[in-house]
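What follows is chain A paired twice: with chain B in the first complex and chain C in the second.
Now for the complex of A and B:
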């Protein structure tokens, strides 16, 4: 049953779903989970700023809209039973530990290492939080929508008023 | 959570960068590497200090493992276009590295040669030039003599040329393009 569920959530959404959970929860879980494992870096874990590049609509010239925090990690795990798996994460966060923890979760889920069932439940929780946040955003966006068709109804009256004044 | 090899840490890289500066400033003088990589070739210590994603590296003798490339995060290039080239010093060169241009002589290659041993060996060099008070002697084991012959051609049109960094497992030394090398 759980195996079916993990297949339903695309791997590209794992980091996003887990990021929706409190990071302290994730860090304490991964620290406990990996205390007897050997973890090696496949690339140097880094944090810094990403640049958002866009083209302006008038001259099609590139410009940087702004910066965002970015952390990345790619690691290899060897469990105490000798199981080996790789995981990676690139996340909008300025903490390397967050990227490392998410990369570890990625490895655990992809290879179904010990602890993956618990992580899968966290994944579901994260997806729910993510869905709820998405719905909230949609709701907020909908409430700011302007119905321009109403202007058509108002416009003739306004015009009449103007004519009367003149 | 992760324990990185110290060669990838900024503190070690600053120490090694200082060491490389000293090596370039005092050609032919051997400097001991303070921190060796826990895994992989010793040349990684120098590469980790010098390289980033903005430069191109060539490894024609395949001295690096694929994992090393991931850690270095450097782009690979053909040897004629690379900013840095690492080679096995015991194998004769069969390429011409970037020598720079007159307006931009700094756009030349730095060659990193891995030799068997520095301070001992059959190749005996007498060095003169900037950074050397009188003369400096350098013994090298495991360096094909063609490297020095080719270097003469590469550096003859100063300021064009290449800079050489030589290292064994424990020490480094440098031969900048300004150094005159005489084989004894």
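Now for the complex of A and C:
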């Protein structure tokens, strides 16, 4: 059942789901989980900037909108039981430790290393936070949606006048 | 008076830091320092402006920049821009599409009925510009109650996707499907954009350079030049086909699987304006056709509306609309040659950056003792020559 559940949240959403949680919660979890593990970097963890390339929707011509902070990490993990797995993450954050924690989670979840069930629950929590934020935005939209059906009750001549004024 | 060396200012300059910081704190014992979250949320539009003009979507550091600059937007954007110059560029995203935006506001001035509907979101557009005196002595309890009330009301029912979907179609698509818009040049999206952070603007520049420059331009500068076009020094007369504000998921390939993965989201404002149509045959330019020009079945240029596009980080509607108007004006200028300042790429793009223009302006406050000494010498010499001439006569 739990194995089914992890399949429900796609790997492409792991970073954004876990990022929705307080960073302290994630760091304390990964620190505790990996205290007896050997962790090696497959590439040098980095923090810097990413450039956002955007398609303009008028002519579908790409241009650079601006930059964003980015941290990345790619780790190889060996558990105290000798299990080995790789995990990597890139995240919109300037803290390398955030990327390392997420890379560790990526390895744990993808290889189902010890602790993955707990992490899966954290994924669910993160998805709930995301859903709550999404609902909040939808409520803002719903409460300000314009009902143009009321305009139909206005005589066309009056509308023309209003349009001309504008 | 001879040459005046710039010496002895060190202690005075150090003193300015102390005085500047003192003024931030002089409110007294009852004052609380501003925290960055407060700036981000309670001054969100000021925050949006700085994040957009700084050119880096870093909400925490944008707040810090505002705090450090004591609310000076130009100075805050400067600090943010300086920060970015110290950071390495690690990656570039694939070209992202704003169809995937998680909308918080979406309106059209072209049609009342747009697919998905018009949603006003958070705006002051329809408010009376009267002082809200109740905010003068707002208690913390009343302040918290506003959000509490919102959340209580919100949690009553969840809104399904069928009522408010996660994403919305673009208004332009319906016009494009009717053949009223220029066709899209399929190769444009694969062209490498001009990177204004790496290359200087040497004219002529591609449209991608203009869009990138305006995306991080100073709002007031963009507005002023766009306003000149609106008032008569131009002919754009735009209709806002769609103005949307929302959050765009930022996607990067996963380092191991290569699958596109969401790494965060950025708030952006985007505007598409539709402007007067192009006459038949007018979409030709030297060396080819104007980007996006449409041909009919017989290969003739078909008259279509023209388009302007604006987008920037944060919630900055005036900026996005101004940018869209200027994009349309600049396209006309690039095609036919500029007929007014807003159609001149060199005039527009070299004068809208807040950091550049503020830097040039404020440099006049710096010591110019030598150059001014030279000016005085020349004036005295000229006066002397004139005196000599008058005495001779």
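Here, the second predicted complex is superposed on the first by the 130 of 166 C-alpha atoms of A that agree within 3 Å, B and C clash if a C-alpha of one lies under 4 Å from a C-alpha of the other, contacts with A are read in each partner's own complex, and residues count from 1 in each chain.
Convention: a residue touches a chain if its C-beta (ideal position, glycine included) is under 8 Å from a C-beta of that chain, and two chains touch if they have at least 3 such contacts.
Note that the structure is predicted; figures quoted are calculated from it, not measured.
By the document's definition of touching, of the two partners only chain B reaches A:31; chain C does not.
Residue contacts after overlaying the shared chain place A:104 against chain B, while chain C stays out of touching range. Once the two complexes are overlaid on the shared chain, A:90 sits against chain C while remaining clear of chain B.
By the touch criterion stated above, A:61 is placed in contact with chain C alone, chain B being left untouched. For chain A, the partner that touches more of its residues is C, with chain B and chain C as the two candidates.
When the two structures are aligned on the shared chain, A:39 is found in touch with chain B, with no touch to chain C. When both complexes are overlaid on chain A, the residue A:74 reaches chain B and chain C alike.
Comparing the two interfaces of chain A, the one with chain B and the one with chain C have residues 43, 74 in common. Chain B meets chain A in the complex at residues 1-4, 8, 67, 70-71, 73. By the touch criterion stated above, chain C contacts chain A in their complex at residues 52, 55-58, 61, 84, 87-99, 102-106, 112-113, 117-122, 153-154, 158-159, 163-164, 166, 170, 172, 182, 184-186, 188-197, 207-209, 211-212, 215-216, 246-250, 252, 254-257, 259-266, 268, 270, 272, 291-292, 307-309, 311-313, 327. The touching residues of chain A, counted against chain C in their complex, run 11-16, 19, 43, 46-70, 72, 74, 86-94, 106, 134-142, 144-146, 148, 151.
Chain A meets chain B in the complex at residues 30-31, 34, 39-45, 73-75, 97, 100-101, 104.
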